[in-house]
Each structure stands twice: as C-alpha cells, then as structure tokens.
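A, B, C and D are the chain letters, set down in written order, and residue numbers restart from 1 in every chain.
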Amino acid sequence: MTQTIRARDLGIPFLGEPGELNAITDVAGVEVGHTTLIEGEGELRVGQGPVRTGVTVVLPRGKRYDPCFAAWHSLNGNGEMTGTTWIEESGFLEGPIAITNSHSVGVVRDALVQWHHQNALYDAIAPGIFWLLPVVAETYDGVLNDINGMHVKAKHLFAAIDQASSGHIAEGCVGGGTGMNCYGFKAGSGTASRRVKVAGELYTVGVLVQANHGDREELTIAGVPVGRELADIPGLSDAIAIPPGAGSIIVVVATDAPLLPHQLKRLARRVPMGLSRTGTVGGHYSGDIFLAFSTANPSDARRQGLQEIKMLANDELDPFFAAVAYAVEEAVINALVAARTMTGINGRTMHAIPHERLLKILKQHHGATLKG
Amino acid sequence: MTQTIRARDLGIPFLGEPGELNAITDVAGVEVGHTTLIEGEGELRVGQGPVRTGVTVVLPRGKRYDPCFAAWHSLNGNGEMTGTTWIEESGFLEGPIAITNSHSVGVVRDALVQWHHQNALYDAIAPGIFWLLPVVAETYDGVLNDINGMHVKAKHLFAAIDQASSGHIAEGCVGGGTGMNCYGFKAGSGTASRRVKVAGELYTVGVLVQANHGDREELTIAGVPVGRELADIPGLSDAIAIPPGAGSIIVVVATDAPLLPHQLKRLARRVPMGLSRTGTVGGHYSGDIFLAFSTANPSDARRQGLQEIKMLANDELDPFFAAVAYAVEEAVINALVAARTMTGINGRTMHAIPHERLLKILKQHHGATLKG
Amino acid sequence: MTQTIRARDLGIPFLGEPGELNAITDVAGVEVGHTTLIEGEGELRVGQGPVRTGVTVVLPRGKRYDPCFAAWHSLNGNGEMTGTTWIEESGFLEGPIAITNSHSVGVVRDALVQWHHQNALYDAIAPGIFWLLPVVAETYDGVLNDINGMHVKAKHLFAAIDQASSGHIAEGCVGGGTGMNCYGFKAGSGTASRRVKVAGELYTVGVLVQANHGDREELTIAGVPVGRELADIPGLSDAIAIPPGAGSIIVVVATDAPLLPHQLKRLARRVPMGLSRTGTVGGHYSGDIFLAFSTANPSDARRQGLQEIKMLANDELDPFFAAVAYAVEEAVINALVAARTMTGINGRTMHAIPHERLLKILKQHHGATLKG
Amino acid sequence: MTQTIRARDLGIPFLGEPGELNAITDVAGVEVGHTTLIEGEGELRVGQGPVRTGVTVVLPRGKRYDPCFAAWHSLNGNGEMTGTTWIEESGFLEGPIAITNSHSVGVVRDALVQWHHQNALYDAIAPGIFWLLPVVAETYDGVLNDINGMHVKAKHLFAAIDQASSGHIAEGCVGGGTGMNCYGFKAGSGTASRRVKVAGELYTVGVLVQANHGDREELTIAGVPVGRELADIPGLSDAIAIPPGAGSIIVVVATDAPLLPHQLKRLARRVPMGLSRTGTVGGHYSGDIFLAFSTANPSDARRQGLQEIKMLANDELDPFFAAVAYAVEEAVINALVAARTMTGINGRTMHAIPHERLLKILKQHHGATLKG
C-alpha cells in the first residue's frame, strides 16, 4: 500500500491526542479492507463503464462471528445503512460493516450473508437455522462512476474481507470511497483516532469516514473557511446538474471502552459535532449516517444466559464525546488531503484539494501554529 | 388498608404465573404509596371542589437516592411524563415515579425536588450542586374532580412517599387513580406481577397501572367483548361532551432481572400488547406512556468509573415480554374490578363495573374455565 | 388466480366494515404482485433446492415514480426493511415495497434500482443523477426453503411488478409469503381493508401482511385461544431446533386519507394492537416491521416549491386507529386460512390450520355468532 | 428596556443575512417576555436568597390558544422540556414555551395551565373539558442562585406573558437566563434571525437561546478558539466543584415557512450544527434540548375535519438548515456578549466575556474581516 499524505503531515492542527496510527485500527482487533475498482475512460456506456467504485469493510473483531455492542444515529437520512433496525433492537452489531456505492448495497448485502454461510461462521451457534441482517452503507459515486452498470460483485466484497487487516489503512480514493467527492473536491476514505484516559485506564476511539458530502463554500479547516478562497477550482456543480451539498457521509466509530448500546448512541450523536467543524450544516441531499461499536464486552452477552459485563459510568463520557468530534473532523480532512484528482465518466474531472494553496491560506490565518 | 376484591377473586382467567402478592411490590425493594383526596360534593366551584384526586408514588429502591436502569415508551403521547428525556439519554431513573392529575404535574414535580433536597439525599454524592429531573406522569380526572382548583399540594406528595411501603398495595380509587375511569367504568390503580424463570434463575416482573383509557364498546375481558354487553350502564359520554376513549394510561413496569436500558425499552414496548388484550386500540385523546426499570444492577454505574454489571442475554427475553403483556392485562382488569362507583363534580356519577353481570357474561362464553 | 378461502368465508367474526374486496387494493391505485418459486423436493442441497420462496410487491401508485407520504414503526426489529432511514427523514416512500426471504433482500433491492433505471422512471425529474433508496423487507423461510441457495433473481422482482394489479389479491403461500409459517401453522400473505367515515368523507384503510410470526400456544382467533386446543398438530419446533415464535411479520398499511407522515406513523404504531388480537406478544426472534403510506396528496410535495396539500385533523384519527388494528387482525387470520400444507427441504411438512377443527373450537365459544 | 451590545456591534462576522431585528421576533406574530428576579447578596440561605433567576416566555402566535406545527430534538438530554411527548405525537405546539431554572419547572408548568384556564383561552373549543400539556424547559442557575429556595412563582410566569411583545428583545442576564453561564463566562438569553429566499418567497428563521453550556477551553468565535486565550479569567470551576461543561442550552427555532412537523424536526436537528460552531461537543452534564415551530399553517389543522395546508417541498430545505445553524451560532455569541458580570450566592462572581480582549484576539486571526 502506497502511503498517502495526511492532514497532520501538512501541519494542519487538530485537538486531542491521536493513537499510534491515528486510525480506526488503533482499536485492537479492528480490521479494514478495501476493494478498489478503476477501469476504463471516456463516455459513459451503462454496464461498460468507466468504473470508479469499490467496497470497504470494517471488521470489528476480525474474520469471525463475534457480535459487539453497537448503536447508530442519522443526521440526515438521505441514504441507506441496512441492518440498523436490528442494531437498535438488540444493541448488537453482528458482522462486518460494508460501504459501497448507492446502487450496489444489495449485492454486497447478500454477499455478506454468503460469506458467513460459506465460512460456516454461524453454524457452531445455531446449526441449520442461520440468518443474518448485514450492515451495508452507501454513498453516491455516479458523478464519476457508471453506477447503474452494477460493477460491484460478491467477489469484490470477499476480496475486501480477505485483505482486511489491522495496522495502516489506505486513505483517499480507495474502496467504497473511490469515486467520492467532498466539499466539491475529490475525496474518499479517511481515518483518525484519539486516546482517552478516564478512571485510570487508557482507551481508544477510532473513526473511519467515507466522505462525499458538503458544498465547496462551506469547507472549513482548522476554523478557517478555506472553501470560499478556493472557489476558482472547478467542482461538482460544474460537471453536472446536481445540487450543491449532494452526497453523503458514512462514519464508523470504534472504541475499546466498555460502553453500553445507549452510551454508544451518544457517541454516534457526536459525529455531527465533528462534521460541523469542517463546515457542513448537513445537507438535504446527503445521507449522513453513523454507527458506533465497542469491542470491550464479550459477544456471549448476545446469546447466553446471565452475563457479567463491564460499563463505564455515564459521568466518564465527556472525553469520549470530544474524541469522537475531533477524530471525525480529522478523518474528513484526511480523506480530502489523501485524495488525488480523478477523471471519470464523460471525462468529468474531480480535483483534489491543492495542498500548497491550502497551506498558504491556513498560514495567513494561523501563522506560527502551522508547522513547516 | 381495606383490601378490595381482585380480578382473580372473581375467577377471571389470566396467563402466566403471578408472584406472591400479584403486585409490583413482588419486585424486592419496590415501594408504593398513595395520597387520596376526596372532599366535597355537588356543583363545581373552581378552587373549592368537589375534590376527587390524589398522588401515587412508586419508589424503585425505597426512600433513598439510588438510580436504576430504565427506559420508556409511548403508545399515544397525549399526556405527560416528565423526566423521560434524561431517562432516554442516561439509561437511568433517578428517583420516585409520581402519578397525579394532569394539571398538578408541576407541583408534584417540584415537590420531588424538594423531597430530595430536604432529606439531603443527593448531598453525599455532589454537595452543593444538586439538581434533579423528576419523573411525574398524569391522567385527567376533570370529569369528577375540580382539576383546575389545584388541590394537590407538595405535602400530598410527601405523604405518599412517607406511607409508601412494600407488601400489599391498595387498588381502585386511590392516589393518582382516585378520579379515573376506564372503558367507561370507574377505575383507578391496579397492579399485577409475573414470575419468569430463565437461565436457571427466577425473576419477577411487576406492573402498576393507572387506568383512565378506553371506550366502553372496546372493553374485552378474557377474550370476551364484555363492554358491548354492558352498554346500558351510563358512562363517561353521558356525563360530559368528551370524546369516547379520552383519558390515559400510565404503566410502570418493574423487574429484578438484570436488563440494560435498551432491553428495558423492549419491555416497555410490550405494554401495548397487554393493553390490546383489554380491547383498546390506543385512542387519540389518550396519554399512554410507559416506564420500565430494573433493580438488579447497582446505581454506581450511574456515576463512578468502571463498573461490573450483569445482563441477561437477549435470547432470554421472550418470557419477559409475555410477563409484561399478561401482567398489564391483569392490572387493568384489577383496576376496574377494585374501583367503586363514585360521584364527583356536578353530581356526575361514574359507575363501577358490576361484578355479577360481568361474571355472568364471562361464564356464557367460557363456561367451566371460570371459578365460582 | 385461484381464489383461496378467507376467514370471513368460514364465519369468523371481525370488527369494522371492510371495503369491497376486503383487500389492500380497495385503496385506489394500489397494485400488488407476487412471484412464487416452488421447485424440487427432498433433501436440501444448497443452491439446488428445494425452493419455496418468492417476491411480493406493493405499488402505492402503480408502475411509475410517484412518491407518497409514508412512515414506519418496528415492534421488534429482528428483521430488515431497507429504505426506512429515508422515509423517516423525508416523509416519503419513493417506489414499490418488495418483500422476499431474509437472504435475498439485496438482490431484490438492487433490482428495484434497475427497474427504475431501465424504465427511465426518474429521468424526467433528474436526468443523469438518478439514485434510489428502495424499500425491501424480509421474512425467514429457511425452514422449508433453500434460503442460502439464493434462488431469487432480479427477473423475479421484475415479474412480480409486471403482473401487479389492482383488484383481487392472492393470499396464502404466494410471493414472499410462499415459505412462511405463523403460530406454528403454514401461512403466507394475507390482506384486509376497512372503510372509515370521518368529516363527511369515506376513506379506506387497507393492509397486506406477510405473516411468519408467533408461537402456536399464543394463537387467538376471535378472542378464543385456539392454538392451545390445536397443540397436537405438528409445528415448527418439531421440524427444526428453532425457538418458538421465531419468524417475522411485515405489514404494509395503505390509505387514501390525507394523512401527514407523523400521522401515518401513528397508524403504523397501531399495527401491534392488531397483532396482539391474534395472540402474539412480539417475540425476540421476530422482525415485526410496519410501513404506512397515504395516496391522497400529490408527489410534487416531494420536490417542487410551495405545495398545497390536504390533511385530516388529528381529532379525526380514532376510526383510523381502529381500522388498522382490525384489518391487521383479519389479514393475519386470512393468511393462515388461505395457506395450504406444504412440504419443503428435507421432507419437512408445515401444516395448514385445519378449518373444520378451528370452526368447531370457535363455535364452542361463540355459538350463534359464527355463521354456517 | 436598555439595549445591550450585540456581537455584530463588535464586528464579529457571521454567515447569512439576518432579519430586520436579527431576533426571533422577526418571525411575525412571535412575542417574547422576561421576568427577571435579582434580589439579595451574600451567603446562601435557602429560601431567602440571594436570588438570580427568572422566567422567559416565547409565544408563537401571541396571547391566545392557537396551536402551530412543531417538533423537537435533543442533543444531550440532561435536562427537561415538558410537553415534548405530545409534540412528537400530535405535531403541534399548543401554547407558550416557558424557560426557567431547573427546580422551578413545575410551578411554571402549572401556572401555564392556570393562565389558559383563567383567560378562558380553551373554552371556545372544548368547554368544560379543558386539559393542557404545557412546554417548560430549564437550565441550572444554582451556581449563582438560591435554586432550592423556589423563588419563582406563578405570578412571575403571568408577568412574563403580560409584558411579552414583538419587536426588540432583551438579551443577556434576563428572564430564565438571568443566572446562566456559558463557556465559563456569564451568559443568558440571546437571539438572532436569518432571511431565507426559496421558491420565490422570502421566509424568516428566528432563534432564541438560553445558553448555559460549554467548557471555557472549547469556546470558539468566528472560527477562533478564543476560550483558551482567555483562560486566566476565573470561571465556573473556580467557584464550585462542578464539572466543566455542566449546564444546558435550550433553543427555540421559529419560522414563518410552511413546514410540516417532520420537516421542523429536521430544523431542530440542525441546532447542534450551530452550537458546534461555538466550540462545544455536547457535554454529558448538559441538557441541550431544542424546539422548532412554524407559524405558517392555521391551527384548525389541529382539530377540525379536512384541512388545506401548505408545505415547502423537501428539496427547498437546505437554506433553512443553514439559517438555523448560523442563527444559533450568532444567538449564543449574542448571549455571551450581552451578559454583564454578576455576583450571586456566597459572593461567587461570574465574569462577562471582556469585549476588548475578545476583539483583540479575533483581530489577530481575522485582521481586516473585523469591523471597528
């Protein structure tokens, strides 16, 4: 994996202390995998491309059936995340989270069922009566991608799982984020993490975003409304008659802190506090849907009798709320910074945010607070 | 306390196995108290009566500050239960639940604050920065009571708490249920409980209702639509131009099973399944609001660091769902059976359901299944 | 279409006045279509059958893109209904509702996207930037069906839409209901409707259920607990180690009354009041998810400027609440009565409820109230 | 009323175009009134003061019973807003919104019932069966105020209503905001408005906040983290052992745009996007509860038959989302800027934000973008 540049490498300041990798994989056990599909150029011919799409998976506890406490929240539900009704009811996330383009949610969803079935991951628990309610979220990449060509197949989901790993994560134009744009710039996947010390213990909050939201003129970085100063760079609305701000942002929040489902919902509800730090007010055409899970308690609590579990008291949650907001902010900017200019269907070009101009604007405002 | 007759005494059949007292107080530690205000007769003179009202309190863990896990649900929110926003957020109920008439919610709410303050119940935890978000629910008793006379005072709340106890609970026209009617008959407070054996342990589910809901023609007892056969008895709509079905039902569900807030919400969501068994479809003019709490886990989980708590796995919950539905059904019928005919403002008389006629109708349908 | 027998044909009594067909298609414009897949016998060989599954579609306003106001509710979310996040946000349902087996939600979901795309249904509104968030619900038919064989294909969804029509609807073992069981008996699709007269106008409420829920011993018909008296008939738990009550029920509520999204949610919240009338308390293993829509207002309110729309005042809703509860009750019993005994994978047989024994039990309780 | 200084007077920049008064009263018909209670000095003697509290009322359509569409949202429910269950159910707000201190919610709530009753506001609609579910929200002022002395009386609510008017609104240490602090500075009430032009029509969004939330180090104004540069000014945690960030913020959003309840909920859900712009992440100890209403449609839709109403299509909402976020941001800063240093119980002093130092810090960052 070629390491892309990150927002901190440019000297952009953020609040809070990141984990070792500043990634969702700082939460032990979490694995991330991407399948990236880039093929063809030129005019759109539905079913033949060009293709600019993919699949991203987040595996909360690796490649096994091992449910963990979870909760979700929606800022603006112009999108899809399957499986949320069961998460709300049960308090558990029961498998990988997959993210793909808006029109391929179904194939990826059924492929997740197949993956569990083919690997007999559920059989030890309930032989012969296996059913699953997978979690698949989406963002729209039809500006650059032949989205109605249905190029994502079950094998692409399997490949994303196969190559999923802990450690460094690719950012930018990869996986489900391949064809995305954010605030009128090319974007995609981003990640970040924060350390939280409470009650004498060190915990980690990690986030992964697939950022496809926001209007150029809203873009704010480190408190500076940089979007308006970069208005000359062609954006989405120049390429296509799509409303400014159309898109979506999917956010996955992971933690190793022992939080109950209703506490994880509170974390998910802080994602907008981080998104707002990058300028958006949550557009009507945007599917801004968030999921938070905790790897701390054993999955037996999902099925078997009386369980002993741990929980952090409510009074300890403030540092987690801040961790979510600040990590989401950084992950969105990481997605922007890592992305590269891409040309897709009908020769449409989505420009990456120009690093040098960005830094120049930030320095005008922040002076010595920026490195380099 | 004069023991009133109960539905089982009449031989009315119900599903499930009740606890020892067939009351919410079968859940260890739960205390219930009533202040009943009955004064005056004749024409309504606002501020002077007649008075047919009161206050009921349910203390989850007795007369101390000792929060417990809780959740709530509304079938039809034409009513008030204060404190629910904090229960939803925190997962905790932090004090007594009080039930009074619709226009006295405020005085009882502030009196609950005072009670905590005057008894210094909170000071050990947070000296000098005490605040509280009390839970007070209501039903409308203005058909019989001078509701705008504001006859409920702080002292009545204090008295209800003082006399609250475990053990037998008064039913019928007592406390917050004094002036209520249900399915066009005089009603009030009712209670019931169920034993639940799961994972080798015996648990209890107890409910307390204040039943003020339903249209006469809906009333169903033991599967028999008895309301239609008792249509000749004068009801609410004969006394006043109020829509049939106007009223409310407040239900408190208690359990000693270690359930988390999101699981308690599932219990609260089964209250309608019990109400439906008595015939209602949940009327527009009815405030049908339900609260469920568990006494199993320690309240330290509310405030202090890392806690070890217990939970029952989701797969064990079906017997609890049934327990809630069946206990709610019985508690509503208990409220009807225990109530006595009452005359209130302007000489309006609300009739109790006639036990003998009721039994005769039931026997026509059920034959030998009824005792006596 | 062979007309199956219906609950009323047997003389089973229900409350309320049905529409002309006593079906969801009594709501003008609503079309229903089924694709039924029955192939093979004998031992399960994953991918080769036996197959006992299908797809059902409900088209709110026929075969075009014409969004209508909608809302949803979940009694127990052990299931999936895609698209609910957008319905909650926007207040609109934007296309057909499809129902299939639990593991084929994805293929049907993407096929709904394709159907809109291939028929250019969206292009007039937003050429070139089409995206859709389809509504697909599921119930589990893996007791009889090779559910992991993934036998449902896009063409089956297309066929269900093609043959969708107003008028009479097939009930029992058809479409998405092909392999379902309910209260331990063979079941499937069922429908019913009610007339509602308010404010001088006649409206219709129609429901369609796919009933796969409930434990035998809970089954109640016309207030009589018939399930316990039919305990000798082999049921689900004899065929397979699946928890009693496992399954699901999907309910679609349609009306031509001008109700707003928040009012339609109130209708959806009354579905449990109808389900309870058939005995269930809402099992943990059941995905009980409900959607309500209104065909009254124009879809322009979805997209264009300032709109004039109609709404019924809240005070008129009680008859609609009753209509939902009573029609849901009847539709569930219709699904049971219409179903035929079916043998599926591994020779497992799911028995239909025996009409004659059922009637005999009912007559013992109801006597002259039953016809015939 | 002495006009206090406002954030714009200092040259602080905000996004969007304000209405004429830059106040919630720019929405025609909206009236605001404050009763401010400031008495005594020195040591706290519960019941005798010192008193630093009050009541604020917002009347959506003046001093009559005239319900309007409404919805609510909670970012962090460590607070109370009565009446929300009925708003959620009915889609209507049925009277004034009152805001007072945490322990006086009850007295103000019952006083609102009395006000309607004594003025016979409901009698024309439903003589003799009046009931009401008033909306009262709270923030905690016990740092400066003898909050357990229960100094707020019914007469103070009546006075706030009596003097309520359209036009200019007092900001800072008035009404329910009298004893509040925000980001460690003295704060209170603030207001702002935005003009929104969509579909050829000009609409207004107005907000009123009572700001009592946030930790000093979070405070951000115009994108600049000014709180950290003002760390030397003594704050809340110096006066009392209360967690940083404890407090609350109540926000009322008014608009004359014809939005339905589910659309108003979307507006309420944008309040956090504005709060985040001032730095907070939504603290655990904070009751951040928001209500949005629309004055556009007639209240007949609450009660009578078939109604014709207007609605703006969903696709027009983006400018309203921005208006809410930007007006909330400005109203919070207005509350801070208008407040004056206050000394309360036990000689505790809460400092106002120093205007000159604030401007100096902002100018260091923004240079020429600041006036003056």
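Just so we're on the same page, a residue touches a chain if its C-beta (ideal position, glycine included) is under 8 Å from a C-beta of that chain, and two chains touch if they have at least 3 such contacts.
Quantities reported herein were computed from a predicted structural model and do not represent experimental measurements.
*Asks:* Among the chains, which has its CA centre at the largest distance from subunit B's?
*Replies:* Between subunit B and the rest, the longest centre separation is with A.
*Asks:* Between A-B and A-C, which chain pair is linked by the larger number of C-beta contacts?
*Replies:* A-C
*Asks:* Need the CA-centroid distance for the pair subunit A / subunit C, whole Å please.
*Replies:* 35
*Asks:* Quick one: report the Å distance separating subunit A from subunit B, using the average Cα coordinate of each chain.
*Replies:* That gives a centre separation of 45 Å.
*Asks:* Indicate the residues of subunit A shared as contacts by at least two other chains.
*Replies:* 76, 88-90, 266, 314-315
*Asks:* Show me the residue ranges of subunit B that touch subunit A in the complex, using the header's touch definition.
*Replies:* 89-92, 198-201, 258, 260-263, 266, 300-316
*Asks:* Which positions of subunit B touch subunit D when the two form their complex?
*Replies:* These residues of subunit B touch subunit D: 46, 74, 76-86, 88-90, 102-111, 113-114, 117, 126-133, 136, 140, 142-143, 147-148, 150, 240-242, 246, 287, 289.
*Asks:* If you look only at subunit D, which of its residues touch subunit A in the complex?
*Replies:* My answer: residues 75-76, 220, 223-225, 243, 245, 266, 269-270, 272-277, 280-285, 314-315, 317-318, 321-322, 324-326, 365-366.
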